[in-house]
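Across the two complexes that follow, subunit A remains constant while its partner is subunit B and subsequently subunit C.
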Partner chain A sequence: MTYAKNFPLLMILILFISAFIMPLMKKNIFVKGLSLFTMGISMILSIYTWIFITKNGAYFYRVGHWDAPWGIEFKIGMIEAIMAMLFTMVATLILWYSVYSVEKEVKDNKVSFYYLLVNILLGSLLGMVFSNDLFNCFVFIEVTTLASCGIIVVKDKKENIAATLKYLILSSLGSGLVLMGIAFLYDITGNLNMTYIHKEIMNVHAVYKNTLHIAAGLCTVGIGIKSAMFPLHVWLPDAHSSAPASSSAILSALVLKAPILLLIKILYGVFGFEIIREFAILNLILILGTMGMIMGSVLAIKQKEIKRVIAYSSVAQVGYIFFGIGLGNKLGLTMAIFHIIGHAVTKSALFLAAGAMIEKSGKKKLSELKGIGKEMPYTLGLFTIGALSMVGIPILPGFISKWYLSLASIDAGEFMLIGAILMSSLLNALYYFPIIVNGYFGEENLAGKIYKSNEKSIKELLPLMMLIIGMIAIGAGSNKIMDMIRIGLI
Partner chain B sequence: MERLLTNYFETGSMILFGIGFVTLLLHNNLIKKIIGMNIMDTAVFLFFIAKGNIIGKEAPIIKGIHKGIEGYINPLPTALMLTGIVVAVSITAFALALTIKIYEKYGTIELDEITRMRGD
Partner chain C sequence: MHNTILKEISKIIIPFIQIFGLYVIFHGHLSPGGGFAGGTILGTSLILYRMVYERERTREKLSYKKLMTCMCGALIIYGILKGYSFITGGSHIDLPQLPLGKPGNILSGGYLLPLNMAVGIIVSVTVYFFFSLFYEGEI
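Presenting the complex of A and B:
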């Protein structure tokens, strides 16, 4: 089964090449079919890759048969395989959902371009996950930025354009910082391949301590802008709330996560556990993550639109991931990666459910969405399960990451931080429960609403249901997933 | 101070980086922001190429006789920055296109006025 080694590259190539066929197609239905088909193929390939990894262990793949320091190299280990599987599965389900609803938010003649951008976006995200070459990762970051700006601005409304420009400017600031960080690393090690940089750093880290600090700081802040670390999140609420529903789901579930994975690779792969532990940068990440957990929720409470609430909730959830990275022990890192998985599935389901409500009722304010539970009982039911996971009800993945993050902070000797986790959970409940309670209950809310009058058909809700079922499965099988992540970390 | 002067390429690129960074963050005019972004990117390119250059050695183009491995510099940083320039150009083009759209929809390219118009 050695041909399975080519699958990661094949996935990226299939997505990139098929993307540019789409504008040539006349009918939108073919474009949707092609997009869904290629994403499905990538999903099957990623599952095969995962099976291959479980049997044979991690391996390095030479792109174009040039050896490592000169050619670009892919590193495919357990974590990369799981992430590829997660990204392609979630993207397939979101695309499936968007097949029925995309025309309501995107103009007919733009649909083919929309799917082009989605395919390119997923290809570059997978590239960022697999690549073991820093500059290659940088190029993929830039492709991601352009494509994700594209899927926001495709709606062509006033607020979309303003939000996109804000996102683009801040993102290019971030990528400039990352490039500067890479320049510093290249300067002292003479390599761009992460494995080789790590070897060189082990030799010279005593001499170039300050330079390494600067490089780590630049990479962290740059990637922090891309993945909405707390004080740098200002672009996120506008961008995620004004985009079409399927775009918001992709943006918040996948686009935020790939740079975080890159940050993990840089901090723990390039610098290594021993060196990064001595750096102050982990404390900075820990503090900003904690602040994000609390402030993201506090800001979410003040919002009046449902999609803005969910967008601010993303800031809080990304805070958990940075919290796990910042703790600096194996359990924290495992939970950060587990939370990436749990949050990707949950948040995409929440955004799609909110998108369905907005699409059917035509209202996006929280005050106008009262009583929606009578008109759309199934949609709000799915939303409720997702929200329960965010708040942290046992079995669901949100609870498991909160539980183990608390254990990890005890391991790290930071008892105060458990309070922050608890407080953030309570704050989560404070903004999710009113949506649900006002949706299902209250005499004056339900007056004049007709039962199931506005519900989407089961066919259209099926991808949403599968996301929720997947989320429950992730929660139930969390031990196995965590074991796999642990194998990948060593 | 003397170290700064001997490494004048690096010093210059850091100053440029600072100028670009501040322009990008503090100006309200979108065109000025985009110019700031370009200055910042250029500073990184200058830094990277300065790091890749060794004074006294040549670019790896063989003219006449081959001088051996010691006679040439590594072409990698230059090639990387070529990629970087392409990326920066595409981002600039996209940002300018969005600026035109903004001007069509809002009638201004000052960011504070746009924020005020949206009322939040």
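Presenting the complex of A and C:
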């Protein structure tokens, strides 16, 4: 079974190398097949990695011929294995969905480039998850930024170009800040490997208190821009709402999450629980997360387009994750990671369902989508289950993360914050329920609509169904998943 | 540009630029330079050709498809070579590696020479693509 140790690196290599075969292919159908095939192989490899980890525990993997402080190193633990599995599974399902619909939003001659970018994007996200080397993570952040800009602009419309430029400028600023944070850490400790930086920091943190504060702040703000922490989220609604449906699903479900995982690694792995607790940075994350939870929902209520509503909802949901990180106890951190999993599956399903509605009806305004439930009952039904999870109905993952986040905030002694969680849930209901209610009910809404006249075929809806089933399974098996995350955290 | 002097001079000068670029690429592991530096020099020769001989004639010689094939091939070779090196090194497998050779020879330095060549091709094509996209908006 020692071959299994190579699988994480093999996943990244397969995705990167196969990406460049795509522009050489003549027919789009082969490109799609190759993309789906390589993503499926990565999924199988990630499942093997997870099985290997559950049997043998976490391990460090040496990349190349040099040992740890000099060469690059991967750290593959429980959390990394779960994340790899989540990323590849969600990406496979999204790609499967996009096989049927991508030509409607992307020009024929751009399809091979689109799948090239998706493969590179997933490869670099997996790299960011696995890598134990800060500078290597930074390189993967840059690759992610460029590739995700590419999959937004591929639609080639005016609004896409504007949104992409905004995203590109803000993200470059973010990665610049992260690089400065890494430079400070390197200056103090003389290492780029996270394990070694942690060892050095434990020795010198009393001397370099202010510098460490600055480094933590720079990394937090930089990654905050990348993953849409509340006041830095301005690029997100434009970028996510104008992109093709499958791109928005990938961007919202996966691209936002990998930098958050990196932030968790930096704050709790590089600095460590004992040191980071004394810093003011956790309070900042907590406050911004709480504000994001409420303001994201408030802004979502005011939106008129369905994809913008879902995009603003991402801001609110990312707020929950930052809230969990900011609480500074083990339960909060566990729930932050659990919410990453739950939100990735739910939000990708919501974006794909919304994309299906827009694609079939040709309308994207909420006011024009009334009565869609009669024309597309199954699609809106799947959308409804996803929305219920976002609002927080028991069994579904949204409820579980909200419940345990409340418990975690009681543990941390912050009783006021439970009010914020409650309020955010109510606000979530306020913008998701009108879409569903107006879709299914109302005499005038349904007038003139023919039952199932616009429905997608079952074949095309299958990936969407599997995402929803996966979401329910995550909710039902939440205890086991949380136990696994706890094993990974220790 | 319809200028006979320019055309005749560039006929002489372009091969020299290309030879210098190839020299920098092939001596990347022995002297300053390497794939990136040599690739940009090669790329400038392509750019000069494009500027002097206009779009149509350049397209006959350097078609988009041909360049794209070169670039993707080089990227795939780079990925496979480096990936092989990473994996054999990472899991301590004793599979055959490229020989290190005698220091100072061109055929030495293990993976450096083939990787430099791949980088050189990628960079020269990319530089040319960038130029033509900014110059005329199409390749």
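FYI, the second predicted complex is superposed on the first by the 490 of 490 C-alpha atoms of A that agree within 3 Å, B and C clash if a C-alpha of one lies under 4 Å from a C-alpha of the other, contacts with A are read in each partner's own complex, and residues count from 1 in each chain.
Throughout what follows, contacts are C-beta pairs under 8 Å (C-beta built on N, C-alpha and C of every residue); 3 or more make two chains touch, one makes a residue touch a chain.
Since this is a predicted model, take the numbers as computed values, not measurements.
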item: First, second, both or neither for A:Tyr61, with subunit B first and subunit C second; value: second
item: Contacts of A:Lys5 with subunit B and subunit C, given as first, second, both or neither; value: second
item: Partner chain in contact with A:Leu24 - subunit B first, subunit C second, else both or neither; value: second
item: Touched partner set for A:Ile487, first subunit B, second subunit C, both or neither; value: neither
item: Partner chain in contact with A:Phe16 - subunit B first, subunit C second, else both or neither; value: second
item: Superposed model, subunit A: greater residue contact from subunit B or subunit C; value: B
item: Which of subunit B and subunit C A:Ile47 touches, first, second, both or neither; value: neither
item: Residues of subunit A at both interfaces, subunit B in one complex, subunit C in the other; value: none
item: Subunit B-touching residues of subunit A, taken from the complex the two chains share; value: 135, 139, 142, 145-146, 149, 153, 158-159, 161-162, 164-165, 168-169, 172-173, 176, 179-180, 183, 186-187, 192
item: Residue ranges of subunit B in contact with subunit A within the complex; value: 17, 20-21, 24-25, 30, 33-34, 37, 40-41, 44, 47-48, 51, 76-77, 80, 83-84, 87, 90-91, 94-95, 98-99, 101-102, 105-106, 114, 118
item: Subunit A residues touching subunit C - in the complex, by the definition given at the top; value: 2-3, 5-6, 9-10, 13, 16-17, 20-21, 23-24, 61-66
item: List of subunit C residues in touch with subunit A within their complex; value: 68-69, 72, 75-76, 79-80, 83, 85-87, 89-91
